[in-house]
Amino acid sequence: MSAEKLIWVWADYRNYFQSRVTLQILARASVLAEKTNAAVCAVVFGDKVEAYVKEYIAHGAQKVYVTDDPSLRTYNVASYAFLLTALVKRFAPETLLIGATRFGQEIAPRVAKQLDTGLTADCIDLDIDEKGQLVQVAPAFGGNLIAKIITPHTRPQMATIRPGTFQELPHDDEAKGEVVPVPLPDTMPSPRVRCLKSELHPARARKIETADIVITGGRGMGSKGKFRKLFDLADLLHAEVGATRPVVYADWVSSEALVGQAGKHIRPKVLFSFGVSGAIQHTAALADARFIVVVNKNPNATMMKLADVAMVADANQVCSGIIRALKQRIRD
Amino acid sequence: MDCNPCMKHQLIRKTVQEFAENEIRPRAAEMDKGPGFPEDLMEKMKPLHYFGLQTPAHLGGAGLDSTSYAIVVEEISRVSAALGLCFTVHNSVGIYPILRFGTREQQQQFVPPMAAGERIGAFCLTEANAGSDAGGVETVARKTDHGFVLNGTKIFVTNGGICGTILVFAVSDTDPAQSSVFIVENHTPGFSVGEIEDLCGMRANPVASLFFEDCAIPADHCLGTMGQGLKIGLSALDTGRIGIAAQALGIARAAFDEAVSYAKARQQFKKPISRFQTIQNYLADMAVQIDASQLLLYRAAARKDSGRPFSAEAAMAKLHCSTTARMVTNLAVQIHGGYGYSREYDVERYFRDAKVTEIYEGTSEIQRMVIARDILTRPA
Amino acid sequence: MLHIIVCIKQVPMVSELPWDPKTGTLKRETAQGMMDPSARRALEAALQIKAGVGRNQARITAVSMGPPMAEEILYEAKALGADQGVLLTDPCMAGADTCMTAMILGKFITDHCPDAGLILCGAMSSDSETAQVGPQLAEVLDIPAVGYARRLELVHDCVRVERHVDDFMEVMEMDLPGLVTIDHAGESDLYTPRYVPLAGVEAAFNAGDIRIMDGKALGLNKDFNALTSSPTKIIDVYSPVTRKENRVLTGAVKKMVDTLFDDYGKIISSAMGKDLKTHDHEGDV
C-alpha cells in the first residue's frame, strides 16, 4: 500500500448527462490534488468499460481502478456499495467524491455508513483549508443558506457534487494514466434487491425542470387566449412554459405546467415571468433561476423584487413586444 | 400573537391554513366576481369535515370545540370571507340549532347530509319588516292535519342560492306571539329561491330571498317543540356571533398582512413608506385592535366550550372584531393609496367584505344592547 | 400483519428563514414547523398500502427524531391515519448529522419494532436536502433499500418499486423487511399527500398520547452526544449573497423590450443557444 495521498472520484457514466458530472469532478479534483500533493483517481465498475477508462484519463485521472465484469452490467446500489467500500478499505483514499446524481446520492450514504465516515450532500464547491482538510460547501434550505462542512476525524472525506458545478477539463488524448484492474471478489452480497427492468427513458414531463429557458405566466396574462401567446414565445426561445396555481385552476393550461411547491421546481438560466404576483409557493420553486426577467403592472409585486430586469407594464403587451423583437433579432 | 397555545388548536390552524392557501387563495379573487362557489372546491372540502365542524363524529362531523370552530372560520375568511361566511352560517346557524334543539330523529334525519356537505344549511329570520326585532315576523305557519303550511318571504338569506336544508323562523297563524323554527328542504313544493342579491361585498356568497307559498311540511319538521322559536333564534345568534367575529378577524388579519408587506415594499421619497411615522402609527393601531379582537373572540369561544354563559362575551367579540375589520381594511386601503382602490388588489375586496360584519347577525348597535343588558342585569 | 414504520421530520415552514447574519445564528425556533413534504408523501404511501391490504392487515408507526415541538407532526401523522406516533427527543440528540440520525432511528426500530416489515422515508427533506438518512438507516438495520420510489406495491413477501432515476425507468423487487424512500413532489401524483381531515385532528388528540422516548429510554449511552459523535462538522453557515441588479424598466413597451435585448441579449442568446442581434440596428444594412 502506498503512502501517496489519493483523491478518488467514483465514475458515474450511465448516460451522457451523468458522464459529464464525473468529468467535472475530475477537473476540480485536479485542483484539490495540486494543493495537497495528491493523485487524482477514478473508480469504474461495470461491464466492458474500457472506453470510459480512457475518457477519464483524458480528463485528468492519473490512476483508474477498474472492476470489469459482466455481472456489473446494470447499476446496483448494494453490490456497487459493497465493492466501493472494500476498495476504500484497501487503498485508503483521503477523499472520495461522487456525482450527486440520484444513483450517486443513493450509493454514497451507504458507503459512508459502512465506513463510518462523514458525507456531505450535493456540494456546490470544494476547497482545501490550511490543515489540508477538504472543505465541503453545501446548500441547505432551498439554497437560502450555505454551510461549510469538514470531516475532521474520519477518512475518507466524502461528498457528493451537484452536476454542473465545475467545468470539465479539455479532452487530452496525450494524457497518461495508470490502470489498476481489480478483480471481482469471490463473495458478493446476496441480491436482496432484484432489478426487473431498467430502461433509459428521458422524461418528457421533466423538461421544464431542466430547461435552460422557462417562461412562467400568471393571472396577469389576462385570459386563456392571451396565455397561449406564451407558447408562441416559447417556440421562439426554445423555452418551456410554466404557470402559477390560479392559472392552472382557471384551466388556462394543464396542471403539468404548475411551477410551485406542489408542482415543478425549475432552475433555468433565464426565466421570463409574465403577470405573476409571486406567492411564496411559487417563488420557492424558482429559487435557482439564474437571470430573471419579470413583467408586471404592479411595481410592488413580490415577483418584481426577485428580478434582474423588472418591467412595469402589461404582461400581455410585453409578451407580444418580445415576440416581435425576437423575430427581427434571431439570426439563423 | 398566539391566543391558542394548545397544540391541538395550533394544528387545527395549520391544517386549515394549508388548505386555504393552496386551494382557496388562488381562486378567491375570481370567486368574488360572481355568486357561487366552485363545485370542485366544495367537493374537496366535503371529506375534510368543513361542513360538519361542530357536528359530532357519529353524525359524520369533526366534533370540534368552539375554539377550533372559530379558528377554522378565521382562517378560511382570511383568504375568502365569502366562503368563510358560507361555512359559519352552515355550521353555526344551519346545523347547530338542530344539534341543540332537535329531537334525536331530527338529528339523525337532517344532520348527516348537512355535515357531509350534500345539503347546505341556511337560517332565515330577516324579512322586509323584521330583522333584529323578531316581533315583526310575518311569515306564518298554519297547523294542518298533516303538519304545517308556511307562507311568507325571507330576505338576505346567506347561502340562499345554494341551500338545501333551511331553518325558517315563523309565527303561528292563530297566535302571532308564538314563534317556532321549521325545517324546510329545498325540494318542498311551494319553496323557491328569488334573485341573488347584488351586494357590496361577500359577492361569492349567493345571498338571496326565499319564498314560501303554501309550503307544506310534515309535523316532525318543527324544530324542537312548538313555541321555541325565539329561544332557538337567540341561541343561534349567540353562536353565530362567534362565527362572524372570527370571520371579521380573518378579514382584518388579511388586510393587515397586505398593508405591512406593501408598506415595506412601497417606496416614496426614496424610502419605504413604512419608515414614515404616520404609516407606523396606522400599523400599530391596526395591530393593537387585531390582538384585542383575538383575545375577545377566543375568550368567548373558551367560555362556550366550558359551558358557561357566553352571550355578552360573544356580543363583545362580534362588536369589536367587526369594528376592527372595518377600521383595519379602511387603513389598509389608505396605505395602498390608489392601488388599494383597484380591483386588482385584494385589500379592495377585504374593504368591501368587512362592512357587512358590522351589520349581519345583529348590527353593532344590537350588540351594544346585548352587552348593556348583561351589564345591567348582573347581580350587584 | 404488516408493520410499516414511517420516518418523518419536522422542518421549518418558511423558505426564507429568520437568519441573523451578524450573530451568525439561525433562529429556527421562531419559524413555524411543519411535516417535511417528502416525509408526508412517504406517509401517504403507507396509508395507501394500508388501505390496499385492509385496515386490520397493516399498522403504521410514525417516528420522528427532533425537539419536543416536533410532537405536533406526530399528531398530524395520526390525524392523517397513522396508528401511533413516537418522538425520539433528548438534548443529547441535538446536532446529529445524517449518520447519527440514522443510528438513533435504527436503534429505535431494532429494539422497539422488531416486527417492522416496511420502512418508509421521504427521499429528501426540504431543509437539509441530503437524501442520506434513508439509505444510511438501511445500512444500520442491515436491510435492503430502494430510493426515489414513485410507486410501490406489495407482491407476496416482497415489495415492488417503480422509480425514475437519472433518466432510467426502473422496476425493482425487494425482500422484506426493507426500506423505501419516496420521491419528492414531481411528475407522479400518486403520493400527493391528502389534506388533513379535521375529524382526524380531533381524533388524534383524543386517542392517546404520542410516545416520547429520551436517550435513556432508547438505551443510548449515558454520555452519548450526537453533535460530537457526528463525523461531519459544520464550520460555517452563511446566507449566500445574491446580488441582483433589480433594474426596473418603465415606459413604452417597445423601448423596454429593446433595452432588454440591447443590454442583456447575450445572456438570453447563450441560454437559447442561438445568435441574437443585441443591437436592433446592427446588421440592418
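Read from first to last, the chains carry the letters A, B and C; within each, the first residue is number 1.
We take it that a residue touches a chain if its C-beta (ideal position, glycine included) is under 8 Å from a C-beta of that chain, and two chains touch if they have at least 3 such contacts.
Here the structure is a predicted model, which means the values were calculated and not measured.
Comparing mean CA positions across the assembly, the chain most remote from chain A is B.
When the interfaces A-C and B-C are ranked by how many C-beta pairs touch across them, A-C comes first. Taking the mean of the C-alpha atoms as each chain's centre, chain A and chain B sit 51 Å apart.
Taking the mean of the C-alpha atoms as each chain's centre, chain A and chain C sit 18 Å apart. Centre-to-centre separation of chain B and chain C, using mean CA positions: 38 Å.
Residue positions of chain B with contacts to 2 or more other chains are absent. Residue numbers of chain A whose C-beta contacts span two or more other chains: 262, 305. Touching chain B in their complex are the following residues of chain C: 32, 34, 71-72, 75-76, 79, 195-199, 201-205. In the complex of the two chains, the chain C residues touching chain A come out as 12, 14-17, 19, 26, 37, 97-99, 102, 126-136, 138-140, 143-148, 160, 164-175, 178, 185-187, 192, 230-240, 244-250, 253-254, 256-258, 260-261, 264-265, 267-268, 270-278, 280, 283. The touching residues of chain B, when paired with chain C in their complex, are 7-8, 10-12, 14-16, 18-19, 44, 47-50, 52-53, 57, 61-64, 68, 72.
The part of chain A that touches chain B in the complex is made up of residues 219, 244-246, 249-250, 262, 279, 281, 297-298, 300, 302, 305. Those residues of chain B whose C-beta lies close enough to touch chain A in the complex are 21-22, 25-27, 29-30, 261-262, 265-266, 339, 344.
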